[in-house]
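Each of the next two complexes has chain A plus one more chain, namely chain B in the first and chain C in the second.
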Partner chain A sequence: MVDDSTRKTLSCIPLLKTKAGPREKDLWVQRLKEEYQALIQYVQNNKTADNDWFRLESNEQGTRWFGKCWYIHNLLKYEFDVEFDIPVTYPATAPEIALPELDGKTAKMYRGGKICLTDHFKPLWARNVPKFGIAHAMALGLGPWLAVEIPDLIEKGVIQYKEKSDV
Partner chain B sequence: MTAVEWEEVKRLAAGFQRAQLISTTQRLSERNCVEIITKLVDMKLLNIIFTNDGKEYVTPNQLVTEMKDELIVNGGRINITDLAKVLNVDLNHITQRVSELLKQDRTIALVGGQLIDQTYKTHLAEEINEILNQQGQISVGQLTNQYDLPTEFLQEVVEKNLGKIIRAKQDRQDPKVFFTEAFVARNLAAIRGALIGTMKPTPVNTLLNLCGVEDHLFFSLVDKLMFLKQVPGTLSGKQISSSMYVPSIYSKSQSIWVDNFYKQNGYLEYDALAQVGISDGQSFVRKHFPSENLLLLSGAAVGPLFLGQVAACVEEAINSSTWTDIMTVLPSVFDGHDGEQILNEVLKTVKTPGGSVPSVKIFNGTILVTMNFLNKITIPLKDVLQKRAEQCVASGAFQQWQVDRLNVTEDNGKREEFKDEKVDKRDERRKKAAGGKGGGGTQGRETKTKSTKKKVRSGRGGADSDEDENPVPSSRKPSILEIVSTEDIIGIISQEQSFSNLDEEDKTPLLKEIAKHLHVSVNKTALEIAQSVLENTMSNNVGARRKTRNDLQEKLNNLITNIRLFEKGLKSFSTDVVPPAKESPHSQLSKYLLKTFCTDVANEIAGFIAQERMLQWDSSKDVLQETRQKIAQDSGGSTKEAILKLNKSLVGSSIEEFFSAIELALGSEVCDIVIRKPDKKKERNMVFGHRQALLEQMNLSQDPAEVLHTASIVLCQGVTQNMVHASGRHVNILLAYLKPYLPAATNATLQQYYDLVLKLLSTAESSEAERETVTFQLQEKMPVIKEIANTFKKSENKEQAS
Partner chain C sequence: MSVEGLKAKIKQLEEELAVQKSINAQNAPAREKIAQMSSEVVDSNPYSRLMALKRMGIVDNYERIRELSVAVVGVGGVGSVTAEMLTRCGIGKLVLFDYDKVELANMNRLFFQPHQAGLSKVAAAAYTLRDINPDVEIETHNYNITTIENFNHFMERIQKGSLSGGPVDLVLSCVDNFEARMAINTACNELNQIWFESGVAENAVSGHIQLIIPGETACFACAPPLVVASNIDEKTLKREGVCAASLPTTMGIVAGFLVQNTLKFLLKFGQTTHYLGYSALTDFFPTMQLKPNPACDDSFCLERQKEFAAKPKPEVVEVSPVVEEVVHEDNEWGISLVDETPADAVEVTQSKPVGLAHGVDVAYELPAAESGSSGPTVQDTDISLEQLMAQMKKI
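Moving on, here comes the complex of A and B:
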């Protein structure tokens, strides 16, 4: 299922309470607030653990999110753009995180660069509606995917290290 | 509201961005650290030890320190594997460091894969001491179990601390056992108590169970107590299972009892010893009285004191020439066998006043009889012997016996006799010798007796042992002639006064024994007496034979003369058969004559021959046809023929035949007796005498039948002028004969009287009254009959005179 470190990470992210999609104005705000609080907490956790691996920001309504994520392999940092929309049925439906850069480079990806999540992800998410939010989706979906796919892609030479320093 | 909330959302978004922008804390991740350290180790810049999970490192020094710390924390004892687990370091590193550690710190020891330091040892010693205090004793084996430490180590620890921390003593016999003084003292007290309290021999096992002392301690403690002289007793055996404790009070009382008993009784009975707990009486007695000269019997030991008592008794008997049964002196515990042994022992020491070995005889093993006494009691026997011997000789049994002996040996009679005498003398000598040595001891006596007996027997067999060593099989030997039976002897000796106070039960076997003993010699004496009696009679016979012969001749002459006279009288009777009688009066009367006087003659002749030939013959008894026949058979030759003929003639009815037989019998070949020629004058005298005698008999007699009988005979004699020999049965013949010679009246009177006599005899058992009348009539007429006889005589006399 989910490995220990992921679980540990997950448990450190505060759970959400409000069940509301973007369409429900008042409640969505409430939800968005909780989303942010969770994300902040998650990022802080990552920072303290020297495990910071993404940057995210959203539009004003908080329906579309975008940013960057990275993975360090053999002391080299591989960085990718990341984007996703909040589905209307959110939070019943999980957001579909996409890495457009890697579209067509790996089998574990839908068209448009949407990553193929593990079999466990969906039922786990379904069970935890509305407690899981974006932070959880990142930790549970994208994190493990990167850890599995990137070293493989690097091995295959599908992605090369780009000499660029973002900081 | 919403606006405010949106503001808040914005703030949060901004906060989120800020949070994301905060530089991540620059820290080396684990991975990096591991990499760095690996690099350093690779470069040999760093000497460290990895922990088992590889996440931690320790420097060797730190490891040693940690090991020490752990040791202290664990109370001074820790297993190396435990150490490896606790410190999370590979066991190899630990073992490497251990050797370093041991080098560094001398007080730490590695024992069986465990580190142990001084504090632990001290602690251990203290603990052991505590256990010791509680239990009193402890063995290293126990400690090994308890502490899971090797024996050697514990031993070392205990021994090192002995006397310092551990207040105890090491067992001398078993160095692995330690005990406290208090424990020893406790056990010592328990054992002492148990041993002192014991009153009878007790197996050590029981004692141990009672006082709860350990087996191995017991003996050392008892030794100690013995050394201190605190235990009244002795311990036998050195093994728990077999040893016994014998309290001295027990052995003391035992020996006191034994001493007392011995002092009082002079003997010790093993059964009694067994009752006071001495199982092996014999060896005990030997040990207990090494100086005493005890006689050890099967059931008891007899001391000299007691033997002295018996000896005194025996001496008294010897000196007073009586007898004694030592069983009466001995206590009931002794049986006959013991008595025998005691008596033998005593006889070894007993002396007569003269100092010689007493001549005694032992009967039934325990009854001592002096020879003097035996001699004394045989004195009254002598008369009986003499009587019996004479009887025996007289009856001819002795002679018969001698003849039997002769027949068996088929030897010359004289020589045999001579030999016999010799043997007898020798036996006598032997007897004397055996008797004299009788006091010398049972063995000697017995063998002597036996040998004597044997020789006597061979002597009896008639074979002199010097000449013939092969004895004739006993079955063919003639049995000894028993003149005096043992019963006779018993009968006589039982009259001896000293036996009178005996029970019948004791008396009978004793008398039997003595009688048996005496029987041989007494019988011998009896035989000797018989022999001498016989010799006497024999010599008398030889001297008086002639006289006897003359007597016989005289007697025979008389008889034969009588017979001749009677025969003459017979001739007067007719030989015709008178109808009612089957035979003629002549033959009837001659038969009667043959049966009476002639038989007497034959008997005299037979008796003479028997005496002459030394045949067994009892003159006192009536001589029958068979006896004569037997004598004839025994004598053989012409004698036999003569006697047989004589016998035959007696059965017949012819007097002439008898005379011819007599002539043969008296002939020179058989009896050699001369018969005188008939003398007329003498005959006349005899006839007269006979008649006078008859008359006298008749006159004196009151019996009617006899009167009639004699009267008729007298009348016949008167008529025939010859002697008539007839019995009462022949009266009617006589009367018939007389008829023609007598007057009718006289005849009638006689006939009447005869009828009355017949009536009396035939009515003997009928009525009393009739009998009385007949008797009366007879009595009445008796003088008449007598008168007839007397007057006839007178008339005849007158006739004779004229």
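Moving on, here comes the complex of A and C:
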């Protein structure tokens, strides 16, 4: 099951209303506004809780998203590029979040660095169409993935700490 | 890369290609194209054993396969083998879609070879398939069908990709993920295109194929994904450390089922299955028929259902396609076919389809009505999208 902290995080992200994908020109703009509202709220929640862990932005059409996520381990910050496309069947299907620089470094990924989600993700997403959006996918998908995989990858020496100017 | 850079790159690739072609010319193509399928039994006729199907009365008009076009979406463990089988059968045209590259990690599956690592799957497949049978026309598209830039083109090729420039005769889904299946489902419901869905479970020990006739049988969105019980307790299934396993056997078997039913459907012989499952651990093969869900989420599915309901049904003197507790004629060892099939087609409801074949279940259940998470919802706002984007960047 989804753990309590994820559940609590999820409950603080506003739900979305508009059921529209990128093929529906006008409604998609409305949906995109809701996506941004929910994301802004979620990032603000994270900052308040001293658990700020990602930034995202999109192209003008809101069909391609990119940004950074990071994970603090033993007081060191490990940062990764995040990217994903909004599938034409969104929001019936969730976006497939990818960390391209980790592609090939862990078995918990599909080709192209798409993260391998838990068995709970898809049923939960399906039950919450169209209320869940990108913010929920981050909280329910990428957040728990980083928490499990990054410490493991660091321990195995697969990823090393890199000095970053913006830390 | 600049335009100049790209031009230089193209030139370099053209040169490499020319070298490769000259090498290939030395091991010249195995044979010339053959204009017409002959049933002459000589060792130089690649079609003699196929045309024998006609002589034996299994298939009425085998040569018709030369006029038919099939789209194969996903050229991985199942799709590549599917394409090879259809090529060897002498299909008229294949339209291949895949965005992936061949990797050494694919070598536990059939078809691709280590020296092809790094090539796009569609290019590598086209090369091998043309070599096996130069009579087959092969069209390739190296892109992800689920993204907005490619989806319309994908639909257009389904609609105009046949040998005669019309819709392909059948679409075969050999993809490995839910998103791509839903994209194919969306396209085929809109285009009223018949297709076969196929899949192998991530634990590699079960699989299925499913015929989807928009409006007439359940579409992929009519119910949550169906899974064949593998008889493994899910709680003991260790997913730690890996996403997916795969076996050449299970994938080959599913590809075989898929192409067998494709041939039956296209050449009109035998009975085409509506759903055929496979559990590798127990050698169990459930079959069933699924009616569309009148509350399906896909509006084009509903439209197709209306059209189908309005269509006069041909009077069929139908031998029930369902095998019911038939005791096999030569039942000397007491073998009987177990009833794995409900007599009536299954009605799919929003939650769980009733009367699914024993051994087949939904991957998860959905609440019947509007429910799911409740909580705060985004507020209506006058702030423009541009302002919201800027706000997000500023945080």
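The criterion applied here is as follows: the second predicted complex is superposed on the first by the 166 of 167 C-alpha atoms of A that agree within 3 Å, B and C clash if a C-alpha of one lies under 4 Å from a C-alpha of the other, contacts with A are read in each partner's own complex, and residues count from 1 in each chain.
Criterion: contacts are C-beta pairs under 8 Å (C-beta built on N, C-alpha and C of every residue); 3 or more make two chains touch, one makes a residue touch a chain.
A quick note: this is a predicted structure, and the numbers were derived from the prediction, not measured.
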*So, does A:Ile40 touch the first partner chain B, the second partner chain C, both, or neither?*
both
*Which partner does A:Asp4 contact after superposing on A: first (chain B), second (chain C), both, neither?*
neither
*Would you check which partner chain A:Ser58 touches, where first means chain B only, second means chain C only, and both and neither mean what they say?*
both
_Partner chain in contact with A:Thr89 - chain B first, chain C second, else both or neither_ = second
*Of the two partners chain B and chain C, indicate the one touching more residues belonging to chain A.*
C
*A:Val29 contacts which: chain B (first), chain C (second), both, neither?*
both
_Going by the contact rule set out at the top, does A:Lys122 touch chain B (first), chain C (second), both, or neither?_
second
*Find the residues of chain A that appear in the contact set with chain B and again in the contact set with chain C.*
29, 32-33, 36-37, 39-40, 43-44, 47, 55-58, 62
*asked:* Per the contact definition, I'd like the list of chain A residues that touch chain B in the complex.
replied: 25-26, 29-30, 32-33, 36-37, 39-40, 43-44, 46-48, 50, 52, 55-58, 60, 62
_chain A residues within the chain C interface of the complex_ = 10-12, 14-17, 22-23, 29, 32-34, 36-41, 43-44, 47, 55-58, 61-63, 85-89, 92-94, 96, 107-111, 116, 118-119, 122-123, 126-129, 131-132
*Can you check the complex and tell me which residues of chain B touch chain A?*
1-2, 5-6, 8-10, 12-13, 15-17, 19-20, 22, 24-27, 29
*asked:* Could you list, by residue number, the parts of chain C that touch chain A in their complex?
replied: 100, 103, 144, 146-149, 151, 177-179, 182-183, 185-186, 221, 224, 234, 239, 241-244, 297, 363-367, 371-379, 381, 383-385, 388-389, 391-393, 395
